[in-house]
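Worksheet for the structure shown next.
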């Protein structure tokens, strides 16, 4: 990912990058991929019937992570209130999905990795909140 | 759009459809398209330099509308708190984008249509909030 | 959906709209919603284990429909070869998903509706190919 | 990104990962972010009027990269022909966008980085084609 290079060369940024927001953008794209993968891995399990809530939360989390990563990548003009609200929802979606994945972490390694990815993204979102204002 | 038919045949819904949520899903997909179009139409205008904030808000609005439309379409399991929060952000994004588009509505017909679409989606989001709990 | 109004007011279009492309854009957004819904409805079925391939194809189809609908909505500049290729992939994804959904159409009404939506979108994509050059 | 960990723990993969496809998925998510950033950075430039084609190609490339990255992440069931076609379109979108960005690479550092990212993603897509069958 080239998030830092791209944001630091944006004409409205001029070298002053908000590190916590950069980390948040990276985590959002990464978590979108992890959740998309985890939904599909759960779908491939013999016990898929018991993983349907996990798949649903994975897909919701992937959608909001992708939207938040894109919104956070934009610097032209300003949309602070909406961006803050999106990051907040993203943190909640990550917390919810991470909690569900954690329940299956001992049985399914993909759920363990996804729970970690969700928690890392949740933390990055919470850290970014202080820099977006 | 086949939102009503699809939701009403979902095994967890069994015919009881929340009309305001159906309307909200339709408006989210429609507004995602309208905002994507408006961003591109603004980009094609001679005075694009004065429309960059409008384009930025269009793109943010399209992203959150698409994510919210997809999340609202899911009925398996439950993700009420996250869905409510997403619908709330979507309403805010629509309000912000609609206000900006309204400023250029007299000069650019695509901004006038987009302002209407944003307001319609904002209202549908607010109406859906009472049904998602 | 306001596809026609938006495209017809685009500064690079000036009233001359390609009807088949407009229809294709509408069908892409509609099919993205239908496939997202169908994946989730399949996930809620008792026999989900037998519907995992259907869910996978639904999710793939939703992704490419959403991307193609957005790309088709853009008129500024030109990206004909890429747009044509995307419409072609979208038609193939719709054909594949529609064929799979048709297998479960008698048992699951959501699959019947989704099969119809996929075929309608596939046809709209094929019709649009002659206008995008 | 946790692409390798996620794919290698998928129940249908069982440790045998196609390295070129893993690289392709990573590059698709990365290029989606880079192109989203570059579109916005171009939008912030004084000379935005001369960058509208670049912005349009950036947005198209971001859309198809995001869809292809998600489709490539799925292993349940199979959708080989559609996935191959999507990877092929993605390579073309990256080539087209990379060529345009390269024209502004000397003047805009974000376009130089984006051109590199597009070329890297294009190559990863072409390399993955031999493994997806």
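All chains are identified by letter, namely A, B, C and D, in their written order; residue positions are counted from 1 within each chain.
Operating definition for what follows: contacts are C-beta pairs under 8 Å (C-beta built on N, C-alpha and C of every residue); 3 or more make two chains touch, one makes a residue touch a chain.
As the structure is a prediction and not an experimental result, all values here were calculated from the model.
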- Where the contacts of subunit B and subunit C overlap, which chains show up? A, D
- Item | Shortest contact path, subunit C to subunit D, counted in steps | 1
- Call it same or different for subunit A and subunit C: same when shared residue numbers make up over half of all numbers used at their interface. same
- Count the touching C-beta pairs: is A-D or A-B ahead? A-D
- Between subunit A and subunit C, centroid-to-centroid distance (C-alpha), Å: 26
- Query: How big is the gap, in whole Å, between where the Cα atoms of subunit A centre and where those of subunit B centre?
  - Reply: 21
- Query: Multi-chain contacts in subunit A: which residues touch at least two other chains?
  - Reply: 40, 43-44, 46, 52, 55-56, 59, 66, 70, 74, 76
- Treating touching as the only link between chains, describe the layout with one word: line, ring, star, complete or other. complete
- Note on the structure: Residue set of subunit D touching subunit C in the complex reads 52-53, 55-57, 59-60, 63-64, 66-67, 70-71, 74, 76-79, 81-83, 85-86, 88-89, 92-93, 96
- Message: So in the complex, the part of subunit A that touches subunit C is made up of which residues?
- Response: 39-40, 43-44, 46, 48-49, 52, 55-56, 59
- Message: For a test of understanding, state which residues of subunit B touch subunit C in their complex under the given definition.
- Response: 1-3, 5-7, 9-12, 25, 29-30, 32-34, 36-38, 40-41, 43-46, 62, 66, 69-70, 73-76, 108-110, 113-114, 117
